[in-house]
Amino acid sequence: MTISVSSRIKLAVKREDREATIIRVGDTLVGGEKIAVIAGPCSVESREQLMEAARSVKSAGASMLRGGAFKPRTLPYSFQGLGVEGLEILAEAREETGLPIVTEVISPADVEIVESYADVLQVGARNMQNYPLLRRVGRADKPVLLKRGLSSTIEEWLGAAEYVMDGGNGDVILCERGIRTFERLTRFTLDLAAVPLLKEVSHLPVVVDPSHGTGHRSLVAPMARAAVAAGADGLLIEVHPRPEEAKSDGAQSLKPGEFRSMMEGLGPVAQAVGRIL
Amino acid sequence: MTISVSSRIKLAVKREDREATIIRVGDTLVGGEKIAVIAGPCSVESREQLMEAARSVKSAGASMLRGGAFKPRTLPYSFQGLGVEGLEILAEAREETGLPIVTEVISPADVEIVESYADVLQVGARNMQNYPLLRRVGRADKPVLLKRGLSSTIEEWLGAAEYVMDGGNGDVILCERGIRTFERLTRFTLDLAAVPLLKEVSHLPVVVDPSHGTGHRSLVAPMARAAVAAGADGLLIEVHPRPEEAKSDGAQSLKPGEFRSMMEGLGPVAQAVGRIL
Amino acid sequence: MTISVSSRIKLAVKREDREATIIRVGDTLVGGEKIAVIAGPCSVESREQLMEAARSVKSAGASMLRGGAFKPRTLPYSFQGLGVEGLEILAEAREETGLPIVTEVISPADVEIVESYADVLQVGARNMQNYPLLRRVGRADKPVLLKRGLSSTIEEWLGAAEYVMDGGNGDVILCERGIRTFERLTRFTLDLAAVPLLKEVSHLPVVVDPSHGTGHRSLVAPMARAAVAAGADGLLIEVHPRPEEAKSDGAQSLKPGEFRSMMEGLGPVAQAVGRIL
Amino acid sequence: MTISVSSRIKLAVKREDREATIIRVGDTLVGGEKIAVIAGPCSVESREQLMEAARSVKSAGASMLRGGAFKPRTLPYSFQGLGVEGLEILAEAREETGLPIVTEVISPADVEIVESYADVLQVGARNMQNYPLLRRVGRADKPVLLKRGLSSTIEEWLGAAEYVMDGGNGDVILCERGIRTFERLTRFTLDLAAVPLLKEVSHLPVVVDPSHGTGHRSLVAPMARAAVAAGADGLLIEVHPRPEEAKSDGAQSLKPGEFRSMMEGLGPVAQAVGRIL
C-alpha cells in the first residue's frame, strides 16, 4: 500500500518526469546532498544582537541566517519586530558574513520591500492558508520557505504550496515545525514522519524546525539529529547570543556554544544517511 | 475555582465596570435578548441563487444574510468566489429583503471595497491570526465577526479580538465554528462549552456556526438548538436553494424548507433560556 | 449525504427492523420521553458524604445515584476508592432514597461483586477498549453505561458497545464525556454533536456528562441544557455536599443548591424539545 | 528553562542518586550501549508464519522476537489471536533461535500464563491506564514493555509506569508508538521528541515503534533511523513473511528483506550517536 494524496494537487507532487527540486540560494543549495542549516535569532532585536548571532552561526557552519523583522504575535502588546530597520540589519549581516537571509513576510503589501532585502521569503505557520499572501509570494523572484500550519494536514500544506507554484514560483521549501496536539510538556509535537512521507509524494525540499517544534532548548539537538536521519534536507535553528534576554522564544533558542555542539554532533548523522553537513 | 485568562488580554475581557457588548447591525442587535440568525449560502454563486436564498431565509425569520464573495479555498483550482460582482449581488439582496449583509474579507487590501458593501466584516478561521488583516478591520467602521481558528485556543482567539479592539473597533462578534480533532465522522468538533466559558470571561457577543462545525446537514438543527441552550447570542447557518449543486459546502447546507423547520424548533428553546428568536 | 459507519458494526447500529432501545433501571427508563438524570459524587468518600449527596439529588429530582467505589486514578498514590465498603454505602443510599445505583467497575474480576450491588455497571473512559472487561460485562445481567474513551472515535466507541452486545447484553447506554483536544481552559472538549450523530446511526440511548466534559462547575448547567437540546436521553452530573473537600473532581462538582438550580433550568429546555424531566 | 514533571511521580523520575536503568532480557540489555531491536509479526498466526518470521529477524540481527497471542481488536469479529497456542509457538521459536520473547497481556487474569512463556510482558496502548493490569504486572517477575496510550500525555505515561514500579517491578521499558492527532495520511503521529524528553526526566529505557507510529511500511526505516538518532534505546518493528496475507497490520509490516535493509541502514546511524546495533 503506497501513500497517495489528492489528485487535485498537481504541481507539488512527484511525477515520473519530474526530478527532485533543488533550490539555489546564494552559494547554498537546498535539496541537494548537503544539509542546509538556517540559523539565527527568532527576532532581530538590535544590530549588536544580530551581528553577534550571525558571526557565531557562520563560524559554526550555518548555511543561511534567519531573523524576523515582521513578527506575528498572539497579542498586540508584544514586541512586533523592528520592521524595515530589521531588514537593513539583516542585509548588513549578510554583507559581513556572506550568509543568505531568510526572513518572514506577513502581509501581501510587505512582500515588495521584504523581497528587496531577503534571499528567502518565509511564510509562517499562522499564514499557511493566507491565500492572498501565498499568491503574492508566488509572483516573487525569491524562494519561499513555507511553514506547515499548526493544525494543517499534509494535504492542506501541499495545497498551500500549490498556490505559490501556480503563481509561477516553483522554488518552495516545505518546513515542518510541529503540530498542535494534547501533549503539554512540549510546545508542539514535531511530526517527523512528515519528512519521509513528503519525500515519497512530493519533489520539493523539506526542512525541519526543531526549535519551535519542541519549545525546549535541550530537545533541539537530538531532534535535529532525528530530522536529518529521517531524510530532511535542512534545519531551521533558533540561536541567540543571550537567550535569557530574548524578546521572543528564549526558552527554545540555543546559545552559540550549544549551536556549535549541535553542528558537531550532526555531521556524523548526516554522513550515516549519505549526506554532508 | 473560577476560569481565568491571561491578564495580558485587556480589552476583550469582562470587568466590573464593563457591560455586555451589544452590537447594532441595521435593525438587529447582536448580544441582546433576541437570537441573531445569520443565514445564507457559503458562496454567492449567481444573482438567482443568492436572491432565492435571501428571500427564503428572510421569510423564515433570519436576521441577516451571509454569503461569501471572496472565498479562501484549500486549492487554487477551486471556485474562489465572484469578488466584487458577488458584493453587488449581496447589496441587491439587502435592498430587496432589508437583511444586513455579513461577508468575508481575506486581505487587508480588500477591506475598503468590502466595507463599502457589507454590514458586518467576517474574518474567517484561516485568518484568525492574520494580524495585518485584524489591524485593518480594527480601523473599519463596521462590526467584525471573528471566527475561531481551526486549532486556536480560546485565549488566542481573545488575543485576535484584542488586535481588532486595540485598533479602535470594539464591535467584535466571536464565532465558534468547530475545532480540529481526531474525530472523522464530523468535519470539525463544535466546542459549545466555549460559549458559556466566553460569557464568563468576556463581554463580547458569541455566535455559533453549526454548519461548518459539524459538516452534516442533519446535525445542524440539533446543534443550533444546543448552541442557543448553551447561551449563544446568535447562529450562522448555511442555506442553499439547491445544496446538491453548491460550489462549496453543499453537504452541510440546509435547504430552505429545512431552515424553516430549524427556526420553528428553535423558538421554544430560545424561550426556555429566556431569549427570543 | 447521510452519515454512515463501518458495515462491520452490526448490533449497535440502526436497522429498519430495530426500535430505539429503551432500558429499564428500577422505575426509570433510559431512552424514553423522560430525561434520566444520574447524579452524585465522583467518589464515595464516607457514609455521611454519600447519604447527604443522595438525599439532596433525590429531592432535586434525580433519577439515579452515581458514586465511584473503585476509582481509576492517574497515580497509585491518589485515593483509590473505598471498594466493597463503598458499594455497601451505595446500597444503603438506594434503600433510603429508592434511587438506582450507577457505579464503575474497572476489572473483570470485580464484575461479580459490583454487579451484586449496582443497578448499572459503568465502564469508564480509560477502559473503553479494555476488551476482557467489555466481554465480562457483556455476560452481566445489569445495563452497562459505556463512557467514550478520551480519544476514541465514534466508530471505535460503537465497536466497544459491540463487544458488550455480542456477549449477550444489549442494554448499553452510551455516555459522551468529552474528548482530548488542544484546548486548555476546559478539562476536555465535550463533543455534543456526537449526540445527534449517534441518534442517526444507532438505536442505543445516549447520555452526556458535562461535569467531566468541561471540568468547571460554572459550565455544567449550560452544557446540561445544551445536551438536552441536542437530543440526549440523560445526564451524568457530579454533585458533592462540599466540593472543596472532595477527594476527586471537586472543581467540577455542583453543590446541592447548584444542582437544584440546574434541574429547574433544565425542565423548560426538555419541554422545548418534546421531552420531560 | 528545564523540563519538569509532577513532583508526585516518584519512582519513574531521575534523581541524582539513581543511575539509568538497564534491563537484562536473556543475553540482551535494554538501555545500554547496544540498540535493542524487537522484531516480528503483529500476531502469531500459525507455527509456520512465526518460525519463518523468527528465523528471518534473527538472521538480520534482531535482539528479541515479538508476536501477539492475545490481541486487542476494535471489533469482536476480528481475529483475536491464538491465545495459549500462540504462546507455545513463541516458546518454540525462542528455543530454536535463542531470541527472547515479547508478547502482550490484556487481562490481569492472563498474566500468570503469559508470564510463564514470555520474557517481556507488553502492556498495549489501549491498556496504558488499565490500573488492575498495571498492578498485576507490577507483581510479575518479568520486565514490562509499557506502550504509551493513544492520547496519553507523557506525565500520564510516567504515572502508569509508577503503578508497575510501585508494585515492586522496576523493570519498565517505555515504548513510544504514536499519538492520535488530526493528520490522516499517517495512522498516528510518532512523537519522537518524547524520547529525549524522557531521557531528561526519567531513568527508564525508551524504545520506539515506528510500525504502529506511522502505519506505512515505507516510513518505518527512516523513522527507525530518526528514533535512534533521537536517542532511543531500542525499536519495535513489525515484520511478516507475507504482509499482504497478514491478519492484522499488514500495511505497516516489513518484509524480511526490507527488515534486513533497515538494519543495514541503521548501523551507521547508531554509530553516529555513539551506540552500536
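Each chain carries a letter (A, B, C and D) given by its place in the written order, and its residues are counted from 1.
Definition applied: contacts are C-beta pairs under 8 Å (C-beta built on N, C-alpha and C of every residue); 3 or more make two chains touch, one makes a residue touch a chain.
No experiment lies behind these values; they were computed from the predicted model shown.
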| item | value |
| --- | --- |
| Chain of greatest Cα-centre distance to subunit B | D |
| B-C or B-D - the one linked by more C-beta pairs in contact | B-C |
| CA centroid of subunit A to CA centroid of subunit B, Å | 34 |
| Euclidean distance of C-alpha centroids - subunit B vs subunit D, Å | 47 |
| Inter-centroid spacing, subunit C versus subunit B (mean Cα positions, whole Å) | 33 |
| Subunit A, residues touching no fewer than two other chains | 151, 155, 180-182, 184 |
| Subunit B residues within the subunit A interface of the complex | 8-10, 72-77, 106-110, 126-127, 129-132, 135, 150-151, 155-156, 159, 162-163, 166, 180 |
| Subunit C contact footprint on subunit A (complex, rising order) | 151, 180-182, 184 |
| Parts of subunit D lying in touch with subunit A, wherever the complex brings them together | 1-3, 5, 151, 153-155, 179, 181-186, 189-197, 200, 213-214, 216-219, 222-223, 225-231, 251, 265, 268-269, 271-273 |
